[in-house]
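One structure follows; several queries about it will come next.
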Amino acid sequence: MNKKIPVGVLAATGTVGQRFVEQLANHPWFEVVVVTGSERTVGRPYGEGANWKLAGRPPENVANLIVQPTEPGLAAQVLFSGLPTPEAKELEPAFAKAGHIVLTNASPYRMDPYVPLLIPEINPNHIGIIPHQREKYGWEGYIVANANCSTTSVVLPMQILHQAVGLDTAVIVTMQAISGAGYPGVASMDILGNIIPYIGGEDAKVESEPRKLCGTFADGEIQMADFVVSAQTNRVPVFDGHLGSVSVKLKQPLSPADAIALFQNWQPPAMCGDLPSMPNPVLIYRPEEDRPQPRLDRDAGNGLAWTVGKVRTCPVNDIRFLALAHNTLRGAASGSILNAELLVTQGFITA
Amino acid sequence: MNKKIPVGVLAATGTVGQRFVEQLANHPWFEVVVVTGSERTVGRPYGEGANWKLAGRPPENVANLIVQPTEPGLAAQVLFSGLPTPEAKELEPAFAKAGHIVLTNASPYRMDPYVPLLIPEINPNHIGIIPHQREKYGWEGYIVANANCSTTSVVLPMQILHQAVGLDTAVIVTMQAISGAGYPGVASMDILGNIIPYIGGEDAKVESEPRKLCGTFADGEIQMADFVVSAQTNRVPVFDGHLGSVSVKLKQPLSPADAIALFQNWQPPAMCGDLPSMPNPVLIYRPEEDRPQPRLDRDAGNGLAWTVGKVRTCPVNDIRFLALAHNTLRGAASGSILNAELLVTQGFITA
Amino acid sequence: MNKKIPVGVLAATGTVGQRFVEQLANHPWFEVVVVTGSERTVGRPYGEGANWKLAGRPPENVANLIVQPTEPGLAAQVLFSGLPTPEAKELEPAFAKAGHIVLTNASPYRMDPYVPLLIPEINPNHIGIIPHQREKYGWEGYIVANANCSTTSVVLPMQILHQAVGLDTAVIVTMQAISGAGYPGVASMDILGNIIPYIGGEDAKVESEPRKLCGTFADGEIQMADFVVSAQTNRVPVFDGHLGSVSVKLKQPLSPADAIALFQNWQPPAMCGDLPSMPNPVLIYRPEEDRPQPRLDRDAGNGLAWTVGKVRTCPVNDIRFLALAHNTLRGAASGSILNAELLVTQGFITA
Amino acid sequence: MNKKIPVGVLAATGTVGQRFVEQLANHPWFEVVVVTGSERTVGRPYGEGANWKLAGRPPENVANLIVQPTEPGLAAQVLFSGLPTPEAKELEPAFAKAGHIVLTNASPYRMDPYVPLLIPEINPNHIGIIPHQREKYGWEGYIVANANCSTTSVVLPMQILHQAVGLDTAVIVTMQAISGAGYPGVASMDILGNIIPYIGGEDAKVESEPRKLCGTFADGEIQMADFVVSAQTNRVPVFDGHLGSVSVKLKQPLSPADAIALFQNWQPPAMCGDLPSMPNPVLIYRPEEDRPQPRLDRDAGNGLAWTVGKVRTCPVNDIRFLALAHNTLRGAASGSILNAELLVTQGFITA
């Protein structure tokens, strides 16, 4: 690629938006040329308007961009969206209609039957639904969603087991980082030295999204996987990194050793072979009895790798394990960027 | 009771021992007259030898006691034991043999078929095994154990469901406080802003102890309850209070509303009616979607009440709920004191 | 006192307001009969409207009170105010004009020359300004303010030194708890594992308020003390308890031993002898090299005692020490209650 | 440099040792060929013996090195020492005597008049004392020390002011990260939600080391700077990054604007111009009223830059400011590596 593809970031001043800006800073294929923000920040240089909550300072070239209002007609076709739910619901279809390609972190269209809920390593072929989406909704562009960050943290090992022997049920309990709630997000008085055993809407997302992600695409339709999930999501005083404890019942028996072998030998689908951000390995199996841990494992593979550990027999179900992923990287910004890379290699995004 | 019953605290300078000293300070029936400690502290006044980690200062009368070595022949028959596992294993039988009544927080004899694993509100009649214990082992005194603090945090609602309709299986994930590991215990570099998904030996305890606690005593034997438990225990950056997320399969169907009614209407067994430390209510049901929380609920009932919430249908099993108890009060020192109170009212401890 | 004095709490649903409700629950002289709140909560029972952030539940009798709007004419003459700054600025004079006695935690009138900035143990005679206040402003009632919570944490040892030998300068650095910022207050993403070296307006308060508190009342005027303070206030990930590191230059030399003796022998002024909430001792000197600590010392004297430690020679100035007080108890709600108790014993509040 | 200089890491399994291994992983000039450890780890591959507490895994090439005992005769002349104080005191001279060049993080020889206490940006010419050291002690090799991590965090802005107008006194209060205490270091029960206002020996180090660092080297002697420091060091629940609040009296008046200009225009000495690890800029001035903050600023310049902010007039002294540096990078491992780089460019280390 001689010239980088110009991209925009919607709600670039928010928590996810800042991660987009940070992670796209030296991307080999993409270059941020447009950032949008709320009324408060529109018209000001991004470096001034953004209340930068990541380490250091915003990348120089983006810091000087003037924040635009979030309206169709932006100077980049490809848009990474960090929009909050209500704005995403209203604006993302308008962008798609106007010809934009929207890679969204928001939830409203995740379960739309025509929108791919995409994790390249899990269901790259689901992008086959895109032409149907454009036709169905009469859009010149399209929307591709990535999964909720808590779903993301556990879904890869679930998919590996599902593909191998079939998943029947999964009981999931998550311990999630505060950055998942954005800024200002969780009040410190609520979470310092405490646990909040409730995240609005999150249980339902973790109970439904894996069924779509692990579903099959055929005949122009995404068929949900037929397993059942129970999820209890919790907020804990951790900055970044979502940890999930998963107990699964399988359709065929599997020993922990077999499951570990599956995890260790698993290779991502051929379709996502040349994506520059894809970590190697994608899934790290840690044999230690006290891993994964958020602080030690969230940054593996530049925050894009999953770490899986404690694969054991479950006295009640079949197998249990822990899985961890970085919620604002793999589970949000970097995940979307990887989605965009797949869309480039598959011809859905062109320079 | 005209005169208080003299009691001793073994390993009184440790984390659990300090809680014993604190909680016995103004007890209506018991008075601490002996404290024991490690070599470092023996011979010094307790107030100097103990590295007091609780708020304020040790109670005046105990502060002036000279720390004794942990050996039979102490000047109190009733002993509350905060001994670490290896010392408990070795010394507690020696104390029992010498005529002492040992109320222990340690694990070695919890699953001994002749030792009652006692929570008054759950299985007060298990103290019926005591005469068999004395006879079997030829002891003049006896040992009564309380359960592991993580078991304790979830077992009361389990027992209520078990008694009502029969428990089949339980999948439990705990989020546990650092004080459960004693002092110095967990290194701050391991837990600050992090989760340690491993507590040595704890999963096995939570998988076995509830079966004994919810078991039946008949014909001189404690019969284990026949349900199966899967436990994944985790350490989180919380000071006090263990929270458990529990999904259960029942022997008969039960709606969440029915389960809530069971929890709200439950009354402790008549046998434990007059215990001065017993909180009222013993079980607090909170209807809010974000409760129980360690910081807000651990001190309910002076740290002796359970708080239960989020009683919901489980998509995979039948019912799920969260339960919380204070790990060093209900789950350790105060739990043992309550056990001793029951032994008084039932004639097993006499002035 | 046969019958309790009816009192009200303004902004009773806020962080400070909740502390008022909690601390007044079993007060021997006062009874909460009125609570006010924001539009969102007006008309609802307090127990429903308040998003109770303290442990357990609101006291039963207050939980059933219907939240009133914050307007003069409330059914209690004595009002404890947890109003935020702008509302306090506007409404407190209106209440005073209408005959209410306002005990405020807010800052707007603290430095008003006619308003006593009151800490009973420090400057009880400053209440002599009250008649002048009423006359000057034509109010039937009056306002009494308590100091900022960070000022409070360090001012008692400063005053003791000032009275003994005269204070010349003080360089103060504070490490303050998140509860001082109210709810939702500090975002967890800002403070978890971090320090925020800035609290809006706080440095100026700590630099000015001690001069008024340690000033003299004579001839109908409060004269500021003539020392100079430098303050750098910081927010740290601590729930409750403000810790201040203080280095002072004195008008006459004083050895650390002499300073310690002053602290240990100090007695509160005779005027505040019979206040039911006053702790004994008011000032706790801890000789350990690692005290005071927020977690271990904030609750001393029911959260009303100061803990002072590390009294040492300062290589640059004369003496340095650390001081700690509970910011929402001594530094807010309980401090105001103590002020009200003094006003009762001095005849400024009558039943 | 065609071939990398072989280096060793003493106590490579400890907290500082791990940072050495991590930071030397892709160093352009140095290659770790020897690691030493305690008895427990000697003879095992480093990857197994080290209880790796940093993110991810140890670098592959070092992971396979067999841990050696810490004894002279190691296969590298240049040794980075993460030895604890007592071992450092005993062993470092033995290594120097045997011809090794010891770059130490330990305190025993920091104030030795013949050992350079070195920060390249501050006092690079102090390495002139090395020949005198070798002669005085009859060593074939030599010792170079870096400063205590808390000293380091504040000393650069102190030196800049000192060089410009002369420093008279400094009152310093630090808020320090737990990683500074090593592993297991601070118990979580002591620091979670708490402050420990004591770090053994640290106050004295911060009061003495800056005087040596800012001193002059002439006539074969290091002359201490003549200013006086008061230091109160505190441990706070922060993972990495030491923050210091500094109030200084200067020998000539200086406005905050002038001080800021000095900080912004300051350039490191010419002697340390070509060091590959030196960040650019070395000192970052942040104009925001709430910076520096540990989480946001510690990683600036790969953890080697200082961040300075809140430069203000001090009501008591002249100027006050905050300074922050990463304690285990700039204040420990990376600082030593930078020292070694200077020794290479100045001919004191040769390939």
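Think of it as A, B, C and D in the order they're written, each chain with its own count starting at 1.
In this text, a residue touches a chain if its C-beta (ideal position, glycine included) is under 8 Å from a C-beta of that chain, and two chains touch if they have at least 3 such contacts.
Please read all numbers here as calculations on a predicted model, not as lab measurements.
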item	value
Far-end chain from subunit C, centres as C-alpha averages	A
Between the pairs B-D and A-D, the one where more C-beta pairs touch	B-D
Gap in Å, rounded to a whole number, between the CA centres of subunit D and subunit C	42
Centre-to-centre distance between subunit D and subunit B (centres being mean Cα positions), rounded to whole Å	48
Centroid distance [mean C-alpha coordinates] between subunit D and subunit A, Å	39
Residue numbers of subunit C (touch at least two other chains)	53, 192-193, 237, 239, 295-296
Pairwise touch network: line, ring, star, complete, or other	complete
Residue ranges of subunit B touching subunit A (in the complex, touch as defined)	169-171, 173, 175, 193-198, 207, 228-230, 232, 234, 236-239, 243, 245, 247, 249, 289-296, 309-310, 314-317, 320, 322
Interfacial residue positions of subunit A with respect to subunit C in the complex	15, 53, 178-179, 183-193, 237, 239
Complex contacts: residues of subunit B adjacent to subunit C	53-56, 192-193, 239, 295-300
